[in-house]
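As written, the chains take the letters A, B and C, and residue 1 is the first residue of each chain.
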Amino acid sequence: MRDRRAFLKTSLTAATLAASGVPISGFLRSARAAEGPLVVGAPLPISGAFAANGKYASLGAAFAAKEAGSVLGRTVTIADIDTEGKPAPAARKMQEAMAQGTRLFAGGILSSEALVMGKEAAKSDAVFITTAGADEITGSDCNRGTFRWTVPTFGAIAQTVRPLIAQMPQAKRWYTITPQYVFGEGLLSAAKAVFQEKGIEHVGNSYHSLAEKEFSGYLTNAIAAKPDVLLLLNFGSQSSDALRQAVSFGLKKRMTIVLAWASGLEQFEALGADLCEGVYFGAQYWHGIDSPLNKALVAKVRETAKMTPNYSFAGSYQITKLLLDAATKAGSADGPAVIKALEGLRYAGLTGEEEIRAADHQVIKDYYLLKGKAKSAMKDKDDFAEVIQSGKSFLSPEAAGCKMA
Amino acid sequence: MSGPAALSVEDVHGYYGKSHILQGVSLEVRAGEIVCLLGRNGAGKTSTLKAISGLLPPRGGRVRFHDTDVAGWPAHRIARAGLTLVPEDRGIFSLLSVEENLRIAVRRGSPWGMAEIYAMFPRLEERRRNGGAQLSGGEQQMLSIARALLSGPKLLMLDEPVEGLAPVIVEEIVAQIRAIRDAGVPILLVEQNLAVCTSLADRHYILELGRVAYAAGNAEFKADDAARDRFLGVKAA
Amino acid sequence: MTYLFQILNGLGLGMLYFLLAVGLSIIFGLLQFVNFAHGAFYLLGAYLAYEGVERGLSFWVAMPLAALVVAVLAGLTERLLLRRVYKLPHTFHILVTVGLALVVQELVIILWGPLGGNVAPPEELSGVMILGDFVYPEYRLFVIGFTAILAAGLWWLLDRTRLGAIVRAGSESPSNMALLGYDTLRINTAVFALGAGLAGLAGALAAPIRGVEPFMGVEALGIAFVVVVIGGMGSYAGALAAGILVGVAQSLMATLWPEGARLVIYLGMAGIIMAMPRGLFGRA
């Protein structure tokens, strides 16, 4: 009787999933959860504007799964879940996956989808670990089910703006360009706080919409304000567009340009070395990081996949690996057990020694300040930047607004 | 006076959707002739011309132009072969000026060039910069005939060329048509105006319900009041 | 002073929009064909220019070459695929061309990857023009001037040449063109190729300003339709006026009300459709 009901539920869910375009093989098998493979869901934007990031993240997760092979005697499989970059499909598909028994999820590239998925995970005793950037993920919206690997806005600003202020004491005038979005506001207020503390003159700010592609207006405003530094607080293709247009307006010759929240290798490839030369970039990860895990990863990926891991790949690899390692440590793939194993976990991560803070589930890790190299100085086709410095800056969980139940 | 058949239509059928409009039309136009095609409204006169010119695909039967079977050819190919139709709506492009309307019709090898046309139709030269739709009815008809000539026709088909025109203009156009025949272009004329038909044509066909119901030479036709009455419902002029 | 700058910038944008939209308008005017693949031609033109420059061609060669290749490809597509769809209702035009656009987009992703790329403006135009406080990239100035010349050339072609008369006549009555001995099918192919080539050229010209990425065709299509609807389907003057209008409006809005830029344009379009359903210069 139980089998028949399980079978019916499986078929119905499988049909729904097939209709929504999700590969069903993993789910059919996970209906018999106790045996069978260990499924890790990878909710990522596989379609939509962020599909490029989703594609590489998916590869990274698959790499981690293959590397682990089997955990707790079960083969590790990744279930790709297409969030389409939107919260509603993300939540719905995650629910469907959880109904199938999946409890471990590594993904969520956009903050909007990550926040929603974190809440879903918390409701169903699942674990969701993400690389999304919004402060609330481990701040005001922190919950038992959510973990986050990336450094939020406070640290991103602290590890880019502060070192540059120290490096360029005469650069007193800063201009900011900010996307009108919660995340942009987060970066901006963190920056303003540093400006105030260090006596920097914030000569102006331009807000723009998330759909903006034409930055010439904001750039001319910036030129008119005569700053020493242009701080770009947007991200993704908007930061690329803004930088490209800034360079075409000759801004590189007039001021220093900083991209506080760059993607990493994928962004450098799209922009090209000439554009990036002399520009400062804040990054969560760089393939040049000198840590044992990163060196091993880069070597293996270069050998097997003939590519250098970019940020989307590496971040996804790391968070997937964390889930698997925690399950091994806990001796179980149940949500609460994995959560317990993750809390307080200290491990050798891609950026060196990393720790998962128990109070807010935030990974304490380095954030990097990179500077674009001249094309002639590149040692290989991926050697776009040198690491200027890195460090850890985090608000305390209380200051970040996290009250974990 | 008339020679071998320039155009020979044999048992041609035509359909508008399911409507069987041409039910086996057969007619002939010989070199040196003007032939008139008459009939009541809806008899199929315009459809016959469309079938010959390729605007309406002829089904069954044959259309032979100077010994070549052109039935089924695309309209532009038939036009290029010299089988030229001046349609009922005259086909003037309002988006073009008069001169442009003429120029796009010019074809190499035609005995009529722009200079000859402007000589034949001085009013067109006067109005050459006007938009095509700004001409009077008579001027538009002259324009469409002029275009047909510029393309070097080997047989000219005219669909109701004098409809709605003042008598003075009608006379002019009748003279033009005769001159064109005299220059060696046989003509197939669809016309409701009996006086025009009998003053121009060598032979007449009358269409009824998609079929040729009557054929006769001009003299015979002029004398045959009964035929005119039966097929056209018109008393002799 | 900022407004002057915004207007100049808007003019540059607008001219690109015009290039993009005029092809769409002509295609609709002549063929009564709703071409949702138009953005794909823009996309292809941009990527072909990118590929050419990556392989070492001068931008001056890559740009017109890209437009030419797009025109040829479009002509082939029209001949082999789209021609069969003309007689079907407009919904089929949309279906087929949307499908085509998606196929092209995916092909681009397969060939060049999903991340996009950068096209450097030619060396001669990589600097900025400085007039006092006013700074403007030389390449953008070039685009304004070049598209203006193209616009003039295109106008001359449509209005003053026999080819232009043929296109206009064909758009009014294909059957009467056939009676004059013109193979309208061949004319259609040529016009479609011309329209697509213009879109490809717009893409190639835009690449050094905007970079290339696989989704740029979608945005271009949206703008092209807005411009054509505002200006009037089938109208050259409409595409020009509306293109500049939309470009300048977008540019000014960026200073006045950034978040509302797009909203204003769509509201404007809605308003114009209600007041003048055929657009500013449209005919039926």
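Criterion: a residue touches a chain if its C-beta (ideal position, glycine included) is under 8 Å from a C-beta of that chain, and two chains touch if they have at least 3 such contacts.
The structure presented is a predicted model; accordingly, all values stated were derived computationally and were not measured.
Participant: Pick the pair with more C-beta contacts: A-C or B-C?
Facilitator: Answer by contact count: A-C.
Participant: Averaging each chain's C-alpha atoms to get its centre, pick out the one most distant from chain C.
Facilitator: Chain B.
Participant: Select the chain whose centre, defined as the mean of its C-alpha atoms, is least distant from the mean of all protein C-alpha atoms.
Facilitator: Chain nearest the centroid of all protein C-alpha atoms: C.
Participant: Taking each chain's centre as the mean position of its Cα atoms, how many Å separate chain A from chain B?
Facilitator: Comparing mean C-alpha positions, chain B is 77 Å from chain A.
Participant: Between chain A and chain C, what is the separation of their C-alpha centroids in Å?
Facilitator: The separation of the two C-alpha centroids amounts to 36 Å.
Participant: Which integer distance in Å separates the CA centroid of chain B from that of chain C?
Facilitator: A distance of 44 Å separates the two centres.
Participant: Residue numbers in chain A touching 2 or more other chains?
Facilitator: none
Participant: Enumerate the contact residues on chain B facing chain C in the complex.
Facilitator: Checking each residue of chain B against chain C gives 53-55, 74-77, 79-80, 84-85, 87, 91, 93-96, 100-101, 103-105, 107, 147, 151.
Participant: Which positions of chain C touch chain A when the two form their complex?
Facilitator: 2, 5-6, 9, 13, 113-118, 120-121, 126-128, 133, 135-137, 139-140, 208-211, 213, 215, 219, 250-251, 254-255, 258-259, 261-262
Participant: If we count contacts the way the header does, which residues on chain C are in touch with chain B in the complex?
Facilitator: 162, 165-166, 168-169, 171-173, 175-184
Participant: Where on chain A is chain C touching in the complex?
Facilitator: Checking each residue of chain A against chain C gives 49, 51-52, 55, 180, 206-209, 211-214, 216-218, 220-221, 223-224, 237, 240-241, 244-245, 248-250, 266, 269-272, 274-275.
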